[in-house]
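Each chain gets a letter, A, B, C, D and E, in the order it is written, and its residues are counted from 1.
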Amino acid sequence: MLGTGILKGLYITAKNLVGSYYSSERLTTIQYPEQRAQLPENYRNFPFLVYDGEDAIDGLRCTACKMCEKECPPQCIYIIPERDEKGKLQKKPKVFDIDISVCMGCGICAEVCPFESIKMDHHFEVAQRNRFAGLLLHREQLAKSNKYYHSIRPKEATAVDESLAEEKRKAEEKAKAAAAAKEAAAKAAAAKAADAAKAKTDDLEEKKN
Amino acid sequence: MTILHLCLIFSALLFSLGLAAALARSSGILVLLGIELMLNAANINFIAFWKFSPNPENGTGAMFAIFSIAVAAAEAAVGLALIIAIYRHQSSIRLQDANTLKG
Amino acid sequence: MPSSIDILWFIPALPLLAAFIGAISTQRMRSVASGSALSAMAVSFGLSCIALKDALAAPGVHQVNNFSWVSVGTFNLQLGFLLDPLTAFMLVMVTFVGFLIFLFSTGYMKGDENYAKFFCYLSLFAAAMLGILVSNSLLLTFICWEVVGLASYLLIGFWFFKPEAAAAAKKAFITTRIGDLGFLIGLIWLHSISGTQLFYNNGEGFLETINLVEATAPALFAISAIGILLFCGAIGKSGQFPLHVWLPDAMEGPTPVSALIHAATMVAAGVFLMARVFPLLEFGSALTVVAYIGAITALLGAVIAVAQNDIKRILAFSTVSQLGYMMLAIGVGVWEAAIFHLLTHAFFKALLFLGAGSVIHAAHHEQDIRALGGLAPRMKITFATFSIGMMALAGVPFLFSGFWSKEAILHGAHTWSVSHIPFYIGLVAVVLTAFYMTRLMANVFFGKPRSHAVEHAHENNWVMTLPLTLLAICAILLGFLGTPAFPWLQAKLLGKDLSGALEFGKIFEGPGLMITSIVLVALGLGIGWAIYGFRKRERFGDADPLEKRFPGLWSALEHRLYFDELYAATILKTNSLLASFSDWLDRWIVDGAVQLVSKLGTLLGFINRDIDEQCLNAGFNETAEEIRGIGNTYSKAQSGDVHGYLRVMAWGFVAIVILVSIALNI
Amino acid sequence: MTTFPIITLLIIAVITLGITAVALFLKNIIHCSILLAVSWVGIAAFYLWAGAEFVAFAQVLVYVGAVSMVVLFAVLLTQRKQLDLEKLTGTVGFRELGKLAAAMVATVLVIAIATTPLTGSFDAINEPVITVRDIGIQLRDNHIGALLIVGVLLTVALLGAVVVASAEPKTEE
Amino acid sequence: MSASSESILEAFPLTIRDWLASVVPLDWLQWLILSLIGIVAILTVFGLTFAFTTVTERKLLGRFQNRLGPNRVRIFGIRVFGFFQPFADAVKALTKEDIVPAAADKVLHFLAPCAMVAFSLLGFAVLPFGKHLSLLSNIDAALLYFFAAGAASELAIFMAGWSSNNKFSLISSMRALAQLISYELPLLLVAVPAVLMAGSLSLTGIVVNQGGDLGILNWNVFTPWGFAGFIIFFIAALAECNRCPFDLPEGESEIIAGYLTEYSGFKYALFFMGEYFGMMSLSGLGVTLFLGGWQAPCAALAFIPSYLWFYAKLIVMILCFIWMRATLLRLRMDQLMRLSWKFLVPLALVNLGTVTFWKYTADWEGGMLVARWLIAIALVILPFISLGKVLSSGLGPRKYRYA
């Protein structure tokens, strides 16, 4: 009959009205500034730079390889590597700017970073009075400690740490091995050099004769 | 001069205004509105005469005004429909343009 | 609570309303149409019962409710409504049977695409019929009479795409119109004599003043003539002898229509009219005519019915025959017996028709009794109810209503002082009736199925069987209202006091007569069963046993005694001859004269032109130019500019006021 | 206190006439129509003054509620392109001639009314004498025929208006 | 007016008014003040009701959708569940820039919102708020006045739509006019039965007619025709105030904000106010016609003053409006028209027949009383079912032909 659908609808909304007063599952609203929702670990907003140790600038993992700058789709990353007095490139950024008014939060920079240096942040309250300068974040603002990284995404950070440690270990081993090889090579070279010297002297002597 | 005179003069002036609109405006709609005003002036007369009649309790004047309002409503509907038809026919509501029957 | 005479007009008005609703109902709203028709009939039935109660409370009193219809100067034409036992009984019968038939129709017409229209027509018919019944004015009766004719025309031709149906509708309409012409003439004549159309008007209606007329020869002649003219209308409507031909053809309509119109109600209108104007007929010598016509019709119908093969045709001719009975009863002066028979007949004939409809519906519109057969085990309710109807029609003694009403008529005919011929004819018809009904039963319900459709026939649903059952009960019970021992109905109709209670002693009033008729019925049934019952028809094509014995007679009967052919040969022929003659007259005599004149005219024209061109043209041209110039001048005023006209009006108004005030020196 | 009704009447009359005069000679038809609606309310006020409550409300309901709406619709439907206002107001001669005619009529009417001696005690102000109930009874008893006819007339007129105003089917030529 | 049977509260507003008026010695000034006090009282009461209706509506809509609704606004640090919201809204509306389009018809653009509010306030003049509370209680044709005033508000909508010189505005005002005209018809037609029963066009008369020993059962809504009439009235009233599900003129998905497109700031707020006033006056009319007006549901509760009863019923009506808005979807234009002309108007006409029957069978007793009820209920239900079938024929679960 006509109207039964309307009655059903009215019943449902009435149930909502009454239910929202005593059933807390119904009322899912979070009163934001006072209450905050637990953000899921994989939530991502804008990128930040991870540093190890105490000093924010010195401890930066970033090597200014510019990989992220190249890959960034909206091209919001701007990097100038550090140079020493002689003009030699250092493995550190002198300028690392991200324009978050342009950034679209795609996370590609974090994907491509080979040094686990750039990561996606959970921080979303970035509103500023100055919409140009205020939203252009410099490396001082971007740099956040590994501890913070652990605090926002513990699983990922642990995995990263482990892999970094592994890498470091491997690198050390490699270095050790390389050192050993170097030593051996040096020895061989020395021997060879001795042989050569000897041969030379022999040759010279032959010529003399 | 009695109040009835005043009422009648009011009605006469309103009638003349309606007539003026019907005579001096070219838009068919305004001419119709002028005619409506003339009808209203007539209604005013009815009511005035009813009010000052010797036996107003049978209410003939008011009755007549009610019927006249009803008829006026019908007249307005038909008149405006005609104007729309004229407009569709010659894309103008100037009454001077509606002279197909000119001799 | 208003008295029932005041609300009497509701009874026809409600079906009229339903007809209107039906007319505006679309195909999608079919249930609205049938629902309104059914409910209108139901309410009318309720009102009729109330009216009956009121009418019976005052037997012999004619309650009237007249009103002025047309009033021009001193001429005042009054119409009105009338309530007396006759009207009330008829009302109850028509509404009740009508309701059952409407109900039946909802089932029977279910698949039809003009369903709503059908109920519109049915309701219109019912409204007109009820209008005839409640009318207190011959004119109102005539109006409703014509509407009934129209509705019957529409309903017979309802399946107008069948040529037979269209032809039958035309035939019915035209044939009854012939009778109605007589009715109209009688009506006008009556009005010119009596100055009123009202039956009863507190002592001023023409049925009341008729007794005050001096029995002089001219008056007697006039009143007899009027009676016979009115009877003409009844002949047409009730299918009496010379004009009976339309009724069997009308069976082309849907079966509920046949039941409603051509069995129960419309054909009864003629009988009702005769009963209504009975005082008028009584006064003159019209009754004798009525009696003989009735007797002839009764015999004729019964005889022809013997040799028909279409189940509905048989019933139709039996209707003709039974109507003849009723007319006979009126003719011999026992109109109360006629009405009694009319009521019982309405029920059992409607029952028979609806039973036939049920059979036809179940057998996929097979109507030929030679193709039916063996339906008794397949359709038990229909068989049982049909048998009751058949026995009532045949007049099987004691239990069935037809017996009592027929007995009353025969008794009346027997005691008629003028002649005994109608009585003997009636007796013959009794035998024949029993005979052909036995033939019908044997062929339809016994034996074995003779066509494919019949083999798969099964009982219909309740909307069709319920009316059958109710009608069957009525067909039995109704007879006991008018037994000689307790002639309650007759007494009420005549307005007499029913003296004393039951008189069982009088149940065999005139025992010889009753025994004779019982014997005759038994004879008819016996012969019928002997011929058709013991040796049942095997195949569709088998010749009828009687056909083998009397081939000539049979074929005459089968062709309905060649009435249609006779009419075609005489009346139609004469008509077309006359038409050809006038055509010839027109073509040669009138036209020739016209041609001659025109030729003369042309000649004169030639002469004229010469004179004209030579002498007159110059002068005329000049004048014409002048006139055109004037026209041009004045046509400028006709500017087509509304404002211009208005302005001129305004100036004109001002000018007139000024002129008038000057003239009046104000 | 006989002056009070007279003052009220004068106020109503002057305002109504003023608004009407302004309305009828505005160039913008929409403004015209809306102002005319106001002047109809003024006429309704006159009816109220005269004690014909029912008529007044009927006037507002019919004129302001229905007729002005129809007028506005008509204006919108016939005003597809920007109106050539000069064309619609007509030539100066045309306008002045019309106004002159109307003024003459007004003069004649006013003089006629003013010079007519109306007898009877018209100065007395009658209180409202007809109630809605009376009107209903009158409509039911004395004027039932007229009422029915007006009903039929309205129906027929509306149907006719719809037919006239509805677009004709385009014929191929 | 016997004071003995009534509490002092009943005449309390009148007492205050008379006291205030008695301060002024002059006769005509007293008359003026008496009128003004009534007007001011209505403006205050209904203005505040409007203000709190807006916030209640938003809060309730939230609850209907399992949200909280506005609850933030605080004044001096006090936050009463956000019930100070309207004041914040008012400040915002007042301080917003008033934008008038360059091509707009300036005069009409300004007049339209004023006219809207003015016309929608007119209806309050005749509503009987309490036993002794009504501005124009002596008016004879109050119902007619009410509808005449309502008809005038169409003009304001037209003015708004036309003067904006914006095609969306114009289209929407045409829509609104069509809608208002279409739904005024059923509204008028269902008001007639109440008039018929009371034998008076006066709203006070209609309310008095619904009083009696039976209390609540005397209300018109508890008769078959009254119930049907009330439902039709409610639907038509929803449409008359452009409320959901009939808010086509403001159908933002199609025509931006309808005739409000070019309005901002306080003018917009005025339209808003006008619509709410219209809603309240129509609710008041519904209460008067069907819900017994200011009558208490039973004699035991009559100690509560009548105006409070009226107000309570009015609030209930408004809450129902809000409930409808929270539940139903917006109609399409053709559906809107069909609902009115093919469903509500015929039903209202049938209802006229029903009430005639009811009136003429008023003296039926005993078994006939049962018959009277049954017939009346059938007269209500059967047309509803059959017309409903026609209306909803061809509708049903959507079939996906190519899925």
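Keep in mind that, in the parts below, contacts are C-beta pairs under 8 Å (C-beta built on N, C-alpha and C of every residue); 3 or more make two chains touch, one makes a residue touch a chain.
Source: prediction; values computed, not measured.
Among the remaining chains, those touching chain A and also chain D are E. When chain pairs are compared by contacting C-beta pairs, B-D ranks highest.
A simple rule picks the central chain: find each chain's mean C-alpha point, then take the one closest to the mean of all protein C-alpha atoms, which gives E. The greatest centre-to-centre distance from chain C, using averaged C-alpha positions, is reached by A. Between chain A and chain C, the centres computed from C-alpha atoms are 105 Å apart. Once the centre of each chain is set as its mean CA position, chain B and chain C turn out to be 57 Å apart. Between the CA-based centres of chain B and chain E the separation comes to 35 Å, rounded to the whole angstrom. Between chain C and chain E the centroid-to-centroid distance comes to 60 Å (mean Cα coordinates, whole Å).
Shown for chain D are the residues that touch two or more other chains, namely 54, 58, 66, 73, 94, 97-98, 101-102, 105. For chain C, residues that reach two or more other chains under the stated contact definition are 643, 647, 650. Against chain C, the residues of chain D that register as touching in their complex are 94, 97-98, 101-102, 104-105, 108, 112, 115.
Considering their complex, residues 60, 63-68, 323-324, 326-328, 384-385, 388-389, 391-392 of chain E touch chain A. Contact residues on chain D toward chain B in their complex (touch as defined above): 5-6, 9-10, 13, 16-17, 20-21, 24-25, 29, 32-33, 36, 39-40, 43, 46-47, 50-52, 54-55, 58-59, 62-63, 66-67, 70-71, 73-75, 77-78, 87-90, 94-99, 101-103, 105-106, 109-110, 113-114, 118, 120, 122-123, 125-126, 129-130, 134-135, 138-139, 142-143, 146, 150, 153-154, 157-158, 160-162, 164-165, 167-168. The part of chain B that touches chain C in the complex is made up of residues 19, 22-23, 26, 31, 95-96, 98-103.
On the side of chain C, the complex with chain D involves touching residues 643, 647, 650-651, 653-654, 657-658, 661, 666.
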